[in-house]
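Two complexes, one shared chain (chain A), two partners (chain B, chain C).
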Partner chain A sequence: MKDTTRSAGAPQATPAVGSASAPPPSAEPAPRAWYRRPLVVRVVAGLLILAIWQIVVELWAQDYVARPTGVIRVIPSVLTEKLFLSDIVTTLTAVVEGLAIAVVIGTAIGLVVGRLPDAQRVLGMYVNGVYALPIIAVVPLLTVWFGYTPKARLAVIVLEATLPVVYNVAEGARAVPRTYLDVTRIHRAPWWRVWFGVALPASTPYVLAGIDLAIGRALIGAVVAEFIAALDGLGYYILFNVNSFHEDRAIVALVVLALSAIVLRALVNVVVRRGFSWYWLA
Partner chain B sequence: MTASRTPKIRVDHLGKTYGDKEAFTDLSFDVAEGEIVSIVGPSGCGKTTLLRCVVGLTTPTQGSVSINGQRVLEPIEGVAMVFQHFGLFPWKTVAANVAYGLTVQGVSRRESASKVAELIGLVGLQGFEKAYPHQLSGGMQQRAGLARALAIEPTVLAMDEPFASLDAQTRDVLQLEVLRIWEARPTAMMFVTHSIDEAVLMGDRVVILTGHPSRIFDIVDVDLPRPRNRATVNTDRFRMVRDYVWNAIMKEGHRVVGDPETAARPAPSSH
Partner chain C sequence: MPETHAVDSPGPGRAAAVPGTRQTEPLGSPSPRSARFRRLLAWHRARVVSGYGLGIALGIVAWQLVGKHSVQQIFAPLTETLQRLQELIEDGELASAAANSFATYAVGLSMALILGAGGGLLLARSELVRTALEPYIMGLYAAPMVALIPFLLAFLGFGFWAKSIVVALFAVFPVLLNTQRGAQSIASELIDVARLYRSGEKDLWVHVIAPYTLPFFMTGVRQALARGLVGMIAADIFLSATGLGGMLITAAQIFDTSAMLATVLVITVCGVALMAIGNAIERHFARWKVGQ
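And now, the complex of A and B:
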């Protein structure tokens, strides 16, 4: 069979035969200028931003406003502070726990909402409403129900993280290409094969998008809950240090918070991309 | 097995109306066992809808479809379909896709392995069992789609413009490939296409749909010898049938010779 297949490898270079414009094979590519190397440019840009921050603050801001030199000076002591390290663990553990619960609940609800048009019509309005609520308004209520305990933080995280997952899974379940559904119908596949064998895998990219959003909202929820319920954690660490005029330490914690968001999202990307090669059922 | 007089597929005064728009009306024809019937007509004439009614994916508003004497109201056993956009599940390998029909029937992976391997060989995809659809060209994906359809040993094969998404050369290659594969196990087949050449090349008979709403203009016996090959399209008989179908479908100004009323309707040849 002479079908042309898409080659997985890179195309091979065709040698220029006797062409005057071809570079001599022994020459090496000229070293790239520093401004052409992406990594170098990014580092330089970052340093430039820090320099501008430093200069602006030195010249025009009050003494107590934080500046890069101050932050860098406290980094070692913050990173070795036991309280700080345990706070990281506390907050991130809660976020991961909450995300796991949210993904399970969110996927289940999302599948139902996506595949049953009646459910959409009935629940859609309520889901939209809760999604639009500013979480900061809901947390005080949740602390009343769950007390000023880590349970309240978990509840906030789950609430904030579930909705983006629901939305995206519903969208994915609704958008299953008609041809796939035709295939399941022609083969007279039972409902659970359609939902778990086709609708779910087909919506995996949407689940990924949902989790991405959920991570951001989960972190916000965790920090807000810690602020309002005075719970030990990264968020509270920031608040506490700002209030006690240790802004530099707070900024270090802030950077760590940002980094955890990036790392979590990268991790999810890796895990779910691998997941594409699993079969869900048979 | 004795040859049965009951047609494999019977379409009986079939009609489909969407709201106040009538797609097609009063379609009646049979497909016999081991016969390929091509269905061709202008774009939008409802030929895909017709096919979907026959396999039970769509419910007609008038008339009925019977397969093996059994009325079709929803997909039934023994009916397989090949889709224009292939319909392979991207998260399954080629082998898993081909085995899908058997998997749904509850056949274990071990039991279906030999049948899957045989079919993958038949359609020319040896070596690609563990590949994923996105790694295959369109032509190869459609071969896999065909293998999947054949895996359930269907008594009726429905092809919905199977080559419309492929480039012209792949299309030409696959037309003869499908015929070759079909010769190995001739199955009653309904072949929907908008290519008149393809309809004549593939079919034993051609159902011509025209008009608004669509009706059967005529059903022509192709009467060309099998197995067909690339030389078939240059024979006089092929041209005669093709020109007749073309004239039937095309409006004035695009017709080949005169108009359908005066151009000779191809009589069954001496084959």
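And now, the complex of A and C:
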């Protein structure tokens, strides 16, 4: 039990010396037994989870409930299905489109709210209100407005994704270092250069955090809209297959959905880190 | 709260707005007793109050005007919405729907807090469990939770417990991850000192680990409060259509726009209140956060 108290790393022989608060990186790449290697542990854990899932379902659940062997069996047929592929494209196109709109709108509102205290007072309560409101609650209303069309899905995605961007950009715009702004005043910079030349770049990490949140919310928005409005897409593919007792197929779609979230976030991360490398170098 | 510190450090755009006063004193805060300070403060307060007033007024006018000039099925004026809200309150429909929704919310949130705290501590204290499960937990966290609802519906049905589990599923991850992050970041000095005083494993948990982790846990609670609300509405809409979400669905089916808007308004107020409660809780416990 003793060395479980240490947060990470191998137990140290001289605790008094080794208790520096930051764990030294690559201090002891002590050779681990093969069964303690992270990759091995993870794969074993994954197999164990799958095995438990399989056994539980075999013993207590109906035939149609998804189980690992069934999922593996249907993977090839799902991945080659035309409908499935077009559903992926439909949903992800809508998500990317909605994200693009949301980033533009969100950055604009965020800068206004963050840079102008007066605008913050006038608009802030609405930003807070819409941010606190679960967007799912307005989806029924949006389907009345836009009908059961892809437009409704786009609207839901934009609504979901805009608010985190607004919130984070505003926070970033407020947190611009005073010295930067003093320099812009010395040089008599016009307001638009202050906003887009100083405030926006200085809040890049906040923008990134906002987009990161927005991606997750945009996917949720897409799925919710597809569920409620029965629009073709990954979300509806899942719903339809679960309801027609093809849960195995739906699981494949679910995994694709989760993976696309991860890939989108990684993509944004890479683009921002590449495009704004000067920020992290500074 | 930008206006609290705006008093002594006017923003760059705002200092220029009072050009006459700028030359008289150097930049920085004037003496708090000077007449100029009081004048500035009064001016500032008036500006703050009128800003909020203008915001509210604009919202009311915009809602009313848009409602008046749009088709009845699309949007309803504010007055009509409030009237409908009053009806919903008076015939008890709103109260029973809210009670129904928040019962699932409370049960689901409690499950999430218990599971999140326990799981987070376990993950933080056992390196083996952490390396084994971390990628799967992060994967599940990345997946849009709503997409799991059809499976839950098929597996658990659409009753009270299924709905509570949906709420718990939405809310558990922030609690879990924040608790883990907190418990994992305990400075080893603290543990060394505790050990030096011969505290056993139990004392270590009660007096060091739990108090240290609590603020992190509360950050998770704040996020869970908001996400649980999303889960609650999702459960109402996709499982049995009862509660506040059920009201939305029924109203949408008969194009009762004012009822929909009234319900959305109520949900927004709940959301804002929960956000405020969450922030207050987090701030309260952040006071003893080490190293802040």
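Some observations on this one:
Throughout what follows, the second predicted complex is superposed on the first by the 241 of 282 C-alpha atoms of A that agree within 3 Å, B and C clash if a C-alpha of one lies under 4 Å from a C-alpha of the other, contacts with A are read in each partner's own complex, and residues count from 1 in each chain.
One rule holds in what follows: a contact is a pair of C-beta atoms (placed from the backbone, for glycine too) under 8 Å apart; a residue touches a chain by one contact, two chains touch by 3 or more.
From a predicted model like this one, the values you see are computed outputs, not experimental measurements.
When both complexes are overlaid on chain A, the residue A:Gly147 reaches neither chain B nor chain C.
In the superposed model, A:Thr204 lies in contact with chain B only, and not with chain C.
Contacts of A:Val183 after superposition: chain B is touched, whereas chain C is not reached.
Contacts of A:Ala250 after superposition: chain C is touched, whereas chain B is not reached.
The partner of chain A that touches more of its residues, comparing chain B with chain C, is C.
Contacts of A:Arg193 after superposition: chain B is touched, whereas chain C is not reached. By the touch criterion stated above, A:Ile262 is placed in contact with chain C alone, chain B being left untouched.
Common to the chain B-facing and chain C-facing surfaces of chain A are residues 1, 4-6, 8, 182, 184-185. Residues of chain A that touch chain B in their complex: 1-6, 8, 177, 179-180, 182-190, 193, 198, 201-202, 204, 276-280, 282. On the chain B side of its complex with chain A, the touching residues are 55, 57, 75-77, 79-81, 83, 85-87, 89, 91-92, 96, 100-101, 103-104, 109, 124, 132, 135-137, 139-140, 143, 152, 170, 173, 177. The residues of chain C lying in touch with chain A in their complex are 2-3, 6, 9, 11-14, 47-48, 51-52, 54-56, 58-59, 73-74, 124-128, 131-136, 139-140, 142-151, 153-155, 184-189, 191-192, 195, 201, 204, 226, 229-230, 232-234, 237-238, 244-245, 248-249, 251-252, 255, 257, 260-261, 263-264, 267-268, 271-272, 274-275. For chain A in complex with chain C, the residues that touch the partner chain are 1, 4-8, 15-16, 18-19, 21, 38, 41-42, 44-46, 49, 61, 64-66, 115-118, 120-126, 128-134, 136-141, 143-145, 174, 178, 181-182, 184-185, 191, 194, 216, 219-220, 223-224, 227-228, 234-235, 238-239, 242-243, 247, 250-251, 254, 257-258, 261-262, 265.
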